[in-house]
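Paired with subunit B in one complex and with subunit C in the other, subunit A is shared by the two complexes that follow.
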Partner chain A sequence: MKTPDLGRVDAHEKVTGTASYGADRVPDDLAYAMFAVATIGKGRTVSIDTAAAEAVPGVRLVLTRFDEDELRGPGFLMGGGFAFQSLQPLLSDVVAYRGQPIALIVADTLVAATEAADLVRARYEIEPFAVGIDDEGATSVLQEEALPWFPDVKVGDAETAYAASPVQIDETYLHPAQHQVPMELISSVVQWKGDRLVVHESTQNAGALRHGVAAQLNLDPADVDVISPYIGGGFGSRNALQPHIGPLALAARRLRRPVKLVIPRRQTFHTGSFRPVSRHRIRLGADPSGRLLAALHDADHQTSRHDLYPAMYTEITSRLYAVPNFGGRQRLVQTDVQTPGFMRAPNEGPASFAFESAVDVLAYATGQDPVELRLANDTATDPVTGLPFSSRHLAQCLTRGAERFGWQKRDPRPGSMRAADGSLVGLGVAVGAHPVLVAPAVARMSAGADGRVTVGVDGHEMGQGIRSAIALLVAQDLGVPVQDVVVRVGDTRVAPQHLTAGAWGTATALPAVHKALRELRKRLGAGDTGTVEVAAAVRATGHGSPEVEVTSVGPGQPPEMLDRSRAGLFSAAGPVFPDFTAFSWAAHFVEVRIEATTRRIRVPRALCVADCGRVASPVTAASQVRGGVIWGISEALRESSEVDPRFGGFLNTTLEEYPVAVNADIAEIDFDFIDEPDLLLSEVGVKGLGELTMIGVAAAVANAVFHATGQRQNRLPIRIEDVM
Partner chain B sequence: MRSFAYVVPDSVAGAVDALAAAEPGTKILAGGTTLYDLMKLGVEAPPAVIDIHRLAELTEISTGEGELSFGAGAKMAEVADHPVVRRDYPALSESLWRAASQQLRNMATVGGNLLQRTRCGYFRGGAEFGCNKRDPGSGCAALEGLDRTHALLGASDACIATYPGDWAVALIAFDAELDVVGPRGERTLPLGDLHVEPGDNPVLEHTLAADELILRIRVPATPAGRGSTYHKIRDRESYAFALTSAAAAVTLDAQGTVTDCRIGLGGVATRPWRATAAERSLLGEQLTMGTARHAGEVAFADARPVRTGAFRVELGIRTVTDALLTAGKQAAR
Partner chain C sequence: MMKTSPTAGRPAGLVETAFTVNGEQVRFELDPRESLLDVLRERLVLTGTKKGCDQGHCGACTVHIDGRRVVSCLTPAVQVAGRDVTTIEGVAAPDGTLHPLQQAFVDCDALQCGYCTPGQVMSGLACLAEGHTETDGDIREYMSGNLCRCGAYIGITAAIRRVADQTKQTEV
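Up next is the complex of A and B:
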């Protein structure tokens, strides 16, 4: 059954401004915090002079150092902890990177806190540092040695098969550092209610915040509530505990006042994670018809000195095609930055840019049409595990897309197509894949005598539309109006609130909600299907408002995963499940036009055809595609976090200088969904969509630029000077 | 943010008095889109600001015989959208439309716009970066740094910061003049005399005295206005400063010969740049791809490429070429 199109359930709140985001709260007696940050690339603080800051009228606290007993390290998210990095500022004199907080100021007003922060003066001992992956002093480790639990993908004997291949492609690609820059700044309001700590913060991972701050402050996690009903854009920047929360909670406790911190835009470039620099050498071996015999993917991936943020590029590049021999080798390059992390399509974006660009080179080297070459290398089984894919409609994405896009009108010769105004025209294609991960979830559902159904479940509303998808599922199942469904997400008071990311949010929440619906129906004495008169059924039970609670885990996940999730730890599983491997798939088609003289590159149209399983909410799914494609265009043509190696840190730290795509950069974005439920995965049949829609866009753009100009683009972003 | 005095005069005369009486370093505040920004960054720290943005006297726009006149306090958006400006001086209108964002243009004034300051990342980035403009004698971090958008023309060893504005580039092509007022009365100066090159003192950016206020901008009427355009090339399609830009205006006689030509360059020089030699190269010529390109080459003949932005020399030449050809089409309309 297709899902009807009912819009966003929270649209009204959002457009009228009544939706309350993390730091929108202004409790009585609120105090305001601000960080002073390090202005050197690396070293130690010898002394920090806070006298001038303390003298600012209205300043209540200036804190430069916490005790290890009152504030413990939070642990790194990917190393069994809770935070985006293990390093907790304000615990020692170490300055690991430019922009690291060195003092926390709390004052009666934001103005006083800001002024005081500017007056903090530190003396430093400066140490040599390296920010670029090729800079002197950057050190590297092989991931499979340093992090054996994140092994490289290896199938067959790729080196030998490559060496023996009649056609060999060997290309190296560079992806820049990029920042998530969501509209909503990283911010929180923390408040003690007796011994209970309440944290209002827009986060994708309320569970980790609860447990992380509890561990840091030695609290019982049950005494911490984290409330995050809406998020003004996360894109990975809000997926873990941030190092400001512990210090903020301690300051609030000392002052006995609620404290708010909104980190200014400039500081957010250093206080949170970012997409690391990565370099990809791709070698493809093929027969003269373009059939792949071997692929080798060597990646250098930036991380910090204090954490090894793992690379997982080869997870998708080994599965795009029927490659019998695959060799992955990922190196982690340690540099003096805050720990990088997940930014929308963290691994898949850069990996697909590199791999799908190389596949285009192969198509030209073998004289094959890029769509046909991809179809000829399709596979129904996972080449890595030999398991079947739970569903893979990638060929359909390609053929449907080619038809819809008018691919057959493309003249394959580079530089051969021109628009009426003399612009060079290029058409490019690329595919993308995103692993399907599913996390355990808890859902609580109750029905009231007023006919309303309330559901609380694991999941966070980041604008992707999870609230709408849940409300729609409940409304459709029970036959009640969607406005009678109240959805509570992002709230540790109703569910553990495991991390929502990696596009698994909907695929995780919906099966739990589905299960809760079955239980609720039983409690209401209703049949397994059909419309339920909720108000009447509730009255008939004789209870005020019957409530059910259910749990769900991903396919083949042991129930213990729920305990991990309840402890705030990462517990998503996939994409390899006991009986199948699960990915969502997409084909992207892009047209670029390059001005004949001043060489501005424009994208008049883009098409995405996605296989994301069942489409859970058509309106929000469509918006996910638009958002993803815009992100892909921005990744390909605009965004780069600039580093001056003499100073460290990032230099273009405002929305004016960090060039995200603007409306005027975006033209037509067309899309189509295969909309086939993946019933091996769950009864609901939903795979992921949010990240998928940008994966492959950058390669499609780069391939289109090649088609327009004959010049290969192996480095992002592609700017005017690259096509002059 | 430091505390500062905030003065709201109720007339231009009152503003002049307040400025004359004020502590050194006091600044006029118009739309605040440059000044407040730089105050928040700690680059500017005036002890007082004198807010003129509500003075109706300063917002008048007139397009009568002989000249256009824009009160210094008129908003960028109003001037950009003025029907006469759009029809008769497209380059002026376009230079404003292609600047900043709608929100900023609604707030910012055409007077304040002239005195906006460079976007050099080291100038704005904080005290830890050497910058002779912000902190004289501290060196110039851009010389060996991220200089992709720095100046190709008019730079010195002390500073290579680009003048970022668009409006002044279009104005300079039309021989605009400024009326300014101070305790010594009013005076008029050509816009071309307002901005100065950095030389060995990059702190000094313009020739206005500390106690002077811009009253209005006047543009002598010229038929070249109709045959004009402002062409701006940037890293994205909107909300970005120019990598290269050109204001071009031409008058053609019945045979298509160029009888008047104006070229202003933006995004490439330390001040709004008039390319007079390039203009001369076209006089008496037919406007063709070849002569337009030649004019572009003349305009950039003295360019000194920066390390990572050398492509902007060729891009600038092409920008001038395209701008001239568009201006020629406008002139022939």
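Up next is the complex of A and C:
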């Protein structure tokens, strides 16, 4: 059954400005905080002069150092901890990177806090630093040796098979560092209510915030509430504890006042994670018809000195095609930056740009049509594990897309197509895949005598529409109006609030909600299907408001994963499950036009055909596709975080100097869904969509630019000077 | 004789400033460094207007001053003395009925996370009033000062187009 087109359930709040984000609270007696940050690339503070800052009228606190017994390290998210990095500023004199906070100022007003922060002066001992992966002093480790639990993908004997291949492609690609830059700044309002700590902060991981700050401050996690009903964009930037919350909570306790911190846009480029630089060498071995015999993917992946942020590029590049021999080799390059981390399609974006660009080279080298070559290398089983894919409709994505896009009108010769105004026209294709991951979830559901159904569940609403998808499922199941469903997410008072990321949010929450619906129906004396007269059924029970609580885990996940989730720890599983491997799939088609004189590159139209399982919420899914494709266009043509070789850190730290796609950059974005439920995964049949929709777009753009100009693009973003 | 300063009786440097916000008269003693954005959010608790950069780059803080769109983060609040400020909270009818452009944003799903949306609506209203809606290309250009990181641009353009077409029909 198709899901009906119903709108976004929280749109009214958003168009009236009443949706409440992290910093949209102004409690009585509020104080304002601001960080002063390090101005050197690496070293240590010898002394910090705070006298001028303290003399600013209205300043209440200037803190430069906490004791280890009042503020502990938070632990790195990917190392069993809670935070985006292990390094907690204000615990020692070490400056690991430029932009690291060295003092926290709290004042009666924001202007006083800002003025005081500017007056903090530090004397430093400066050490040499490396901010680029090829800089002197950058050091490398082989990931499979340093992090054996994140092994490289290896199938067969790829080196030998490649050496014996009649056709060999050997290309290297560079993907820049990028920042998530959600529109909402990193910000919090932290407040003590007696011994209870209440944190208002937009986060994708309220559970880690709760348990992380509790561990840092030696509190009982049960005494910490994290409230995050709306998030002004996540994209990976808010998926862990950030190091400002602990210091803010301590400042609020000392002052006995609530404290608000809104981190300035410039500082956000250093205070949170970012997509690291990566370099990819792709070698493809094929027979003369383009059938793949071997693939090798070597990646260099930037990380910090203090944490090893793992690379997982080969997870998808080993599975796009029937490649019998695959060799992955990933190196981590340690540089003097804050720890990089997840940004929408963290591994899959750069990996697909590299691999799918190389596949296009192979198509031209063998004289094959790029769509046909991809179809000829399709596979129904996972080449890495030999397990079947839970579902894979990638060939259908390609054929349906080619038809819809008008691919057959494409003249394959580079530089052969021109628009009426003389612009060069290029058409490109690429595919993408995203692993299906599922996390444990707790759902609590109650029905009221007024007929309303309230559901609290693990999940965070960052614009992807999880609240709408949940409300729709409940409304459809019970046959009640969607307005009568109240959804509470992002709140530790209703569920553990495991991390929502990796496009697993809907696939994690919906099975738990589905299960809760079965239990609620029993409590209401209703059958397992059919419309329920909720108000009447509630009255008939004789209880005020019957409530049920259920838990769910991913396929094959042991119930202990739920304990991890309840402890605020990372608990997602996949994409390899006991009986199958699960991925979402997509085909992207892009047209570029390159103006004859200016060489400006435009994208007048793009098409995405996605296999995301069942489409759980058509309106918000459509928006996810458009948004993801825009991210791919922005990745391909706009975004690059430049490092500063003179002073360390990042250089273009404003939304002016870090351009992202604007309205005028976007024209037609078409899409289609396969919309086949994946019932091996769950009864609900959803896979994942939010990240998938950008994976492959950058390669499709680069391949289209090649088709328009004959010039290969092995480095992003593609700029005017690359097509002169 | 002692000179009387206009700020006598107040902490040094504060400036008494009166203006209207959504039709209501307000009066504050302001530090000249306070932005209109911060006064709206922190003093008036009108938090629909958002801070996305505080540097005039993103448009999330767009409000109207005497009917013209401005970025409130770059507007010192003392400069709006005697002027009329309209924020997102003043756009819907007093009975709560959405403005046609707000309704079009809902109907065209012109948003995701919603953080830039108040600024988009305020800019969209101005874009309509300015008449920059002849083509979709015009709308895109004149809405490009308002970033939407979620990428809801197609819905935003469609919502403004819908209201522009409705207005045109009414005029004919």
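FYI, the second predicted complex is superposed on the first by the 724 of 724 C-alpha atoms of A that agree within 3 Å, B and C clash if a C-alpha of one lies under 4 Å from a C-alpha of the other, contacts with A are read in each partner's own complex, and residues count from 1 in each chain.
Operating definition for what follows: a residue touches a chain if its C-beta (ideal position, glycine included) is under 8 Å from a C-beta of that chain, and two chains touch if they have at least 3 such contacts.
These figures come from a predicted structure and were not determined experimentally.
Trainee: Given the touch rule stated above, what does A:Thr598 touch, subunit B (first), subunit C (second), both, or neither?
Mentor: After superposing on A, A:Thr598 lies in contact with subunit B but is clear of subunit C.
Trainee: Please indicate which partner A:Arg638 is in contact with in the superposed arrangement: first for subunit B, second for subunit C, both, or neither.
Mentor: It touches subunit B, and subunit C stays clear.
Trainee: Contacts for A:Ala420 in the overlay, against subunit B (first) and subunit C (second): which applies, first, second, both or neither?
Mentor: neither
Trainee: Looking at the overlay, what does A:Met724 touch: subunit B (first), subunit C (second), both, or neither?
Mentor: First partner only, subunit B.
Trainee: Counting residues of subunit A touched by each partner, does subunit B or subunit C come out ahead?
Mentor: Comparing touch counts on subunit A for subunit B and subunit C gives C.
Trainee: Which partner does A:Leu651 reach: the first (subunit B), the second (subunit C), both, or neither?
Mentor: Only subunit B; A:Leu651 stays clear of subunit C.
Trainee: Given the touch rule stated above, what does A:Val111 touch, subunit B (first), subunit C (second), both, or neither?
Mentor: Both partners.
Trainee: Let me test your reading of the model: by the given contact rule, A:Ala661 touches which partner, first (subunit B), second (subunit C), both or neither?
Mentor: both
Trainee: With the touch criterion stated at the top, can you tell me which subunit A residues are shared between the subunit B interface and the subunit C interface?
Mentor: 111, 115, 656, 661-664
Trainee: Can you list the residues on subunit A that touch subunit C in the complex?
Mentor: The touching residues are 7-8, 10-21, 23-26, 30, 57, 109-111, 115, 181-185, 230-235, 262, 264-265, 462-465, 619-620, 622-623, 626-631, 654-656, 660-664, 666, 669.
Trainee: Please name which positions on subunit A make contact with subunit B in the complex.
Mentor: Against subunit B, the touching part of subunit A is residues 39-40, 111, 114-115, 118, 597-600, 602, 638, 642, 644, 646-647, 651-652, 656-657, 659, 661-665, 719-721, 724.
Trainee: Show me the residue ranges of subunit C that touch subunit A in the complex, using the header's touch definition.
Mentor: Against subunit A, the touching part of subunit C is residues 11, 31, 33-34, 38, 41-42, 45-55, 57-58, 60, 87-89, 91-92, 98, 102-103, 105-107, 109, 111-118, 121, 137, 139-141, 143-144, 146-157.
Trainee: Which residues of subunit B touch subunit A once you look at their complex with the stated criterion?
Mentor: Subunit B reaches subunit A through residues 1-3, 42, 119, 121, 125-129, 141, 144-146, 233, 235-240, 243-244, 311, 314-315, 318-319, 321-322.
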